[in-house]
Amino acid sequence: MKAHTYYHTFNTKKKREYLNITQMVSGELAKSQIKEGFIMVSAMHITASVYINDAESGLIEDIDEWLGRLAPEGIDYRHHRTGEVNGDAHLKNLLMHHQVLVPVTEGRLDLGPWQQIYYAEFDGRRPKKMIIKIIGK
Amino acid sequence: MKAHTYYHTFNTKKKREYLNITQMVSGELAKSQIKEGFIMVSAMHITASVYINDAESGLIEDIDEWLGRLAPEGIDYRHHRTGEVNGDAHLKNLLMHHQVLVPVTEGRLDLGPWQQIYYAEFDGRRPKKMIIKIIGK
Amino acid sequence: MKAHTYYHTFNTKKKREYLNITQMVSGELAKSQIKEGFIMVSAMHITASVYINDAESGLIEDIDEWLGRLAPEGIDYRHHRTGEVNGDAHLKNLLMHHQVLVPVTEGRLDLGPWQQIYYAEFDGRRPKKMIIKIIGK
């Protein structure tokens, strides 16, 4: 069994950003030389997500608006008593989930035709870490 | 380390369907001859989900109604500018997550007594692929 | 490839409880002697979740209130025709997802600085099982 681990640090300009990281993940897979296995891609912070969906700008705006409706900003969350102001970003992380698992088959990301891997930042403008970990043979 | 990969194509009659795939997954596990490891079951499209919950028809209707409330049809999503009309199905995929991981112990699906694996189609009536990938020993 | 499996049974005093299980998971990792791999932590019931977020009591109250808004109690769910009264707990399980995967690097949980693993009970006061399964080398 082989293992390969890579950490990436994002520092987005905007509070919320949606970044296509599919190329980054397939680059790490190439380095690992793993042919069969699983890749885990996971936010290491609790106010960001990793998800798989479409690389379509209109949909990404829809997702952002939808998250704003289900996990709104501007609410007096109890979490804000700590001095933080990012309660909504924690709930967005929970709603979108912080990680995905990608199958590796014959040395490639075994994704469907429209599946793209995204890092979703909900509380950016500061360093935020993500892990890509691959195990297999 | 062993690996086993299986692809299944659904083509549902209805736009939304909830299909119990537990037997299909345990059939693939038997073929793999893997005794200890993980099974990943994942939609390969971005308008369907794989989830684990109860095989109870009333609950499945509750889930469908609930999804219609949190990720409604009939909204003028920006994604529809592309000609698609399935914005709600993308959001339902994100809400329900597109994949599960099932533990394999002593050659069987290590699920609790009521845990059943479901494929949830949100934009059917056309071919949609799913992957079952097992790694272990 | 090594594998290690552990089952834990919760029996919470309250209907809903949020329990930090990070220590339990790292204890099982130590027993497994696995240095590189993945840990799966998964509820084996369909009315509980496992998630990763902050160990901050205000935020946990925010999460509980938020779940009550998106997947409310007191609705006449179709599932209740079976005699059950926990329709909301099934929906909370789906919203929060029932499992996480934790990377293992150099023999430790490879989590970010604030990532803590929680078991979220939505229908307690009875025995509920969870599985911790580790595979790696």
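Think of it as A, B and C in the order they're written, each chain with its own count starting at 1.
Going forward, contacts are C-beta pairs under 8 Å (C-beta built on N, C-alpha and C of every residue); 3 or more make two chains touch, one makes a residue touch a chain.
In this text the structure is predicted, and so the values were computed from the model without any measurement.
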Same or different contact residues where chain C meets its copy chain B, judged by the half mark: different
Between chain A and its twin chain B, rotation from the CA superposition, multiple of 5 degrees: 120
Inter-centroid spacing, chain C versus chain B (mean Cα positions, whole Å): 20
Numbers and ranges of chain C residues touching at least 2 other chains: 1, 38, 70, 95, 97, 101, 135
Chain C-facing residues of chain B, complex: 1, 36-38, 51-54, 56, 58-59, 61-63, 66, 70, 95-97, 100-101, 103, 105, 110-115, 135-137
Residues of chain A that touch chain C when the two form their complex: 1, 3, 5, 38, 40, 42-46, 70-71, 77-82, 87, 90-91, 93-95, 97-99, 101, 129, 131, 133, 135
